[in-house]
Structure formats: C-alpha cells, structure tokens
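Next come two complexes built around subunit A: one with subunit B, the other with subunit C.
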Partner chain A sequence: MFADTVPAFAPGDRVRVVDLGKPGHVRTPFYVREKTGAIEEYCGTFDNPEERGYGRVGLNPIPLYRVRFRQFDLWPDYDGSERDELVLEIYEHWLAAA
Partner chain B sequence: MADRLVTDIGGTPAGAIPREEREPLFWERQLIATFNVLQQHGVLVIDEIRRTVEEMPKEAYDESTFYGRRVEAVADILIKKGVITAEELEERTREILESGTRDHVR
Partner chain C sequence: MADTNQHPHPHEHGPHPTREDDDLELTAAEAKFLAFKSLLMEKGVVTPAEIQARMAVNQKSGYHHAARMIAKAWTDPAYKARLMDDAKAAAIELGIEVTEAKLVALENTPERHNLVVCTLCSCYPRSLLGEPPAWYVSKAYRSRAVREPRKVLREFGLDFPDSVEIMVHDSNADLRYVVVPMQPEGSEAMTEGELAGLVTRDCVVGAALPTEPNRAPA
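Right after this comes the complex of A and B.
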C-alpha cells in the first residue's frame, strides 16, 4: 500500500541528527541530537511512534534507519577504545545529510 | 527547545547501576499479559504507555518502579478511553485491599 516510499539515505551516507525541538513523545534521545554518524542500514517503514503515542495508529508509515556513531563523537570524555561505536534506530525526519 | 523527557536521562549524572537479579512478581507478569491482550485487541499500543509514563511528574516517576509506572499508565489510558471508569478501578482496588493483596506473590 505504501510501497512507493523511497528512502532518502543509503548505507554509508553521513547524516546529522537534527534537533526538532518537538515536545511530547519522541524516540530520539537528547544525547544524540546534533551529532553526526553514518547510515548502517535502512530498516523499512514503520508507523510513527510520535503519532502512535497519542493513539493515532495506521497513518503513513515512515522510513527508519540504523545509524552508527563513534562513541567519541557522542561523549567528549569517553575513555574507551577509539573504535567503539553505538548503533541507534532513528526515523528519517530526524536526519539531515552531513 | 523542548524539555528533556523524564525518561531521557542518557549522559546525565547518575549513581551506580543496580545489578541484582530479581524474579518478576505475579502481578508484574500479569500486567505484561494484560497489556499484550489489550494491544492485540487494538485497545492501546505500547507508544501510548511510554507517552503516559513520560508525562508523569518527576517526583512520582522517581518514587515508582518500572512495573508501577506501567500499571498506572495502563489504568490511566483505560479510564481516558472509557474502557473502565475511575469509580470501577477504585471499587475493585478497595475489594482487593480488603481481601488481602497478593502483591508479594511470585
């Protein structure tokens, strides 16, 4: 039904997490906003939890990605390996090309 | 900028993480089962529970527990949707308190 959704990003693309400043139920944690990472995987489309949180189900599904971040980019005082990474699931409307 | 949600504490100062294992209590497992049935019947979805928990005042949130916050959220949603009434919940709660709770039962 919504098979015509074309993902804006592909694996390897550099992306920045935008701070939408959106009140209410969101799934993008504060600590990752304005940070830059790379698309790990396109997960497909899903109902927007920001709508589902208020009981609005069955709206247009939106693209979701796994995004890979360097721990050093997330935490300035990170004391682990330089190669440590974190993969987070983030919806497309929180991402901008970087 | 929107305020940080009460649940969104990643990177903020915190104490040590408690690591002890604890078997879930009977009522906690019953809550998950009840939620699964409600979701299967289209009465509510997990995101509504998360949103309701996030709307708790910080003091109430901190004083409660993982399951405590969720049982309150489910009750709140069911009342707002008219599935049960606040009076029914109060009446049933009183009955249980009078007959002896099974809160401690595993």
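Right after this comes the complex of A and C.
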C-alpha cells in the first residue's frame, strides 16, 4: 500500500468538512461544508471523482469515509429528535481534524 | 363529432415534446445530451441496438433481488451476519450480478430507522433494485429527505416516535445502500420465499415497512 493511502482518520475521530470551493464534479454537498461530525467508518480508497469526472485518473486512489452528523448540527431549526443523524461519504482531502 | 386531431390552422406551434407530458423547453444539458447522443450514433461510435441492450440490462434487475437477500437474512442468522459485514459479497453469494463498487447494509432496529437518498443525483443500488422510481430522483425528495426526514416519512405513511432515531444516509459518492427492515410480527412461520413477498422496493430505501402478513393482499 502507498504511504499516502494510509487513512488519516479512525472511527470516532471528530472531523470538520472543509470548503475547498472547488467547482465541477465534486461529491461534497454544500449542506455539510464547514460542519463538524465524526468518522463512522473507513471505506477504503477510490479513484478521485473530481479527476475521473473529466477523464483523468492519474492520481493515487484516495481514502473515503462515512461521516456522521447530528441533524441539529446541520440544521439549527431541525424538526425531530435530538438523536437523529445523517451519514454521508466524504473524501479525505475535504476533512480536517476537529 | 369531428376528429379533434385535424386542426385547421397551419402547424405553427413549436416542436413536439421529447417525452409525453413534458411540455417544457429542453434545458441546455438535455439539449447537449441529445446532440451528443445523435453525434455518437451518426459517427458509428454506438449503435441504437447497443443503447437498447444497455437499457435492457438496467431494467433486468428488480427489487426481488434485494427481497431475496432480506428474507434470507431473516431466516438465516449466519447469512445476516455476512450481509451486514459485506452486502456485495452476500449478494454475489445468491447469484446476483452486482455492478456497484461496494454495497452497505443498514439494519433497522426498534431504536433506529434508516432512510436512503442521493442528494447530488440519483445513486441507487440498481443491481438489487432495478431503476429508481421517479420520486427518488425528484428534486423534492433529494432536498427534503436530508432536511426534514420525519415529515417526508410521514408523507410515506411512517410516523416514528422521538424514541426511534431517524438516520438518513446520503448516497453521495461511491457506496450504495440497502436497508434491512425488521421482520414483521406474525411472519415467523412463513417460508423464505413467502417472506421475500413481504419486502417491497420502498422498504429497501427506508420509505416503507414490510407488510404484516395478516394485512397482505390475498
């Protein structure tokens, strides 16, 4: 395994989704940018869709995680239980330790 | 009565819509897609027969594949453990052709209900469920399922108390998800094949619960 494909985060780690402001075929929805959650699961490495979407696959595959958020951390006026959560997939370069 | 299709005026209204009941102008992206598809066919890069063959592949699988997996998980704890560990391997084990990179099983429990959405487009476990329904790809569902899931679930007829956590899964990247519902009460004596008949497509997305056998249509 390449040194740079060792996952930087482990389940339970607190992470913030950074806003790279990158246009085009990115898979990080706006509603989670700058929000803080926790790593649910490491999913392995995948080709970067931000490259693959334009016919480029030159880079090493990048780590992908499922990241868990409290709904109230995403939407302050959320209508539901304090326990409600949302999980989605975030590539490592969009994550910072929190 | 006169044939209403024979209108006396010259045929001056715009081009006929590309889909029935679709009277909207093409968006730039739709126009680009249709132009690109025409070019590929004119240049002989793809043939209409190849496009039809690919569409047939997409339509070949239906939700009965996922229903088989769920019914087996209900009756075989060892299979259920394998399904929860690696849903893709568990599908292949039943002879299902899986085209997705990775499948993740999400178990409903008395404390948690799972709901799947793809906010960015229409990612969906097509190998197990076939083509997604129109509501799944609608902008309304894609935006509301993450923002107000309990309200959306109530519109599907599911009203959960606050003691049940609603966990929404945005299928936004490389993984695809399969909700494993709880086995309905009263179905303990049913065979695996009969149990599979209780699992509908919407159950596997989290928008429905399996029908109790005493309420199932005859």
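Methods note: the second predicted complex is superposed on the first by the 92 of 98 C-alpha atoms of A that agree within 3 Å, B and C clash if a C-alpha of one lies under 4 Å from a C-alpha of the other, contacts with A are read in each partner's own complex, and residues count from 1 in each chain.
By definition in this document, a contact is a pair of C-beta atoms (placed from the backbone, for glycine too) under 8 Å apart; a residue touches a chain by one contact, two chains touch by 3 or more.
Given the structure is predicted, the values throughout are model-derived calculations rather than measurements.
Chemist: Return the chain, subunit B or subunit C, that is in touch with more residues of subunit A.
Modeler: Of the two chains, more subunit A residues are contacted by C.
Chemist: Going by the contact rule set out at the top, does A:Y91 touch subunit B (first), subunit C (second), both, or neither?
Modeler: second
Chemist: What is the contact status of A:S81 with respect to subunit B (first) and subunit C (second): first, second, both, or neither?
Modeler: In the superposed model, A:S81 contacts subunit C only, not subunit B.
Chemist: So, does A:Y31 touch the first partner subunit B, the second partner subunit C, both, or neither?
Modeler: Both partners, subunit B and subunit C.
Chemist: Just checking: does A:F9 make contact with subunit B only, subunit C only, both, or neither of them? Give me first, second, both or neither.
Modeler: It touches nothing on subunit B or subunit C.
Chemist: I'd like to know which partner A:R66 touches here: subunit B for first, subunit C for second, both or neither.
Modeler: second
Chemist: If you stack the two complexes on chain A, which partner ends up touching A:D19: first (subunit B), second (subunit C), both, or neither?
Modeler: A:D19 sits against subunit B, while subunit C stays out of touch.
Chemist: With both complexes superposed on chain A, which partner does A:P49 reach: first (subunit B), second (subunit C), both or neither?
Modeler: Both partners, subunit B and subunit C.
Chemist: Across the two complexes, what residues of subunit A are contacted by subunit B and by subunit C?
Modeler: In subunit A, residues 29, 31, 49, 74-75 are touched by subunit B and also by subunit C.
Chemist: Per the contact definition, I'd like the list of subunit C residues that touch subunit A in the complex.
Modeler: So the residues of subunit C in touch with subunit A come to 101-102, 104, 119-120, 146-151, 162-175.
Chemist: Enumerate the contact residues on subunit A facing subunit C in the complex.
Modeler: Per the stated touch rule, the residues are 27-29, 31, 43-44, 46, 49, 64, 66, 71, 74-75, 78-81, 83-91.
Chemist: In the complex formed with subunit A, which residues of subunit B make contact?
Modeler: 1-5, 8, 10-11, 44-45, 47-48, 50-51, 54, 81
Chemist: Given the complex with subunit B, which residues does subunit A contribute to the contact?
Modeler: Per the touch definition, subunit A meets subunit B at residues 19, 21-26, 29-31, 49, 52-55, 57, 74-75.
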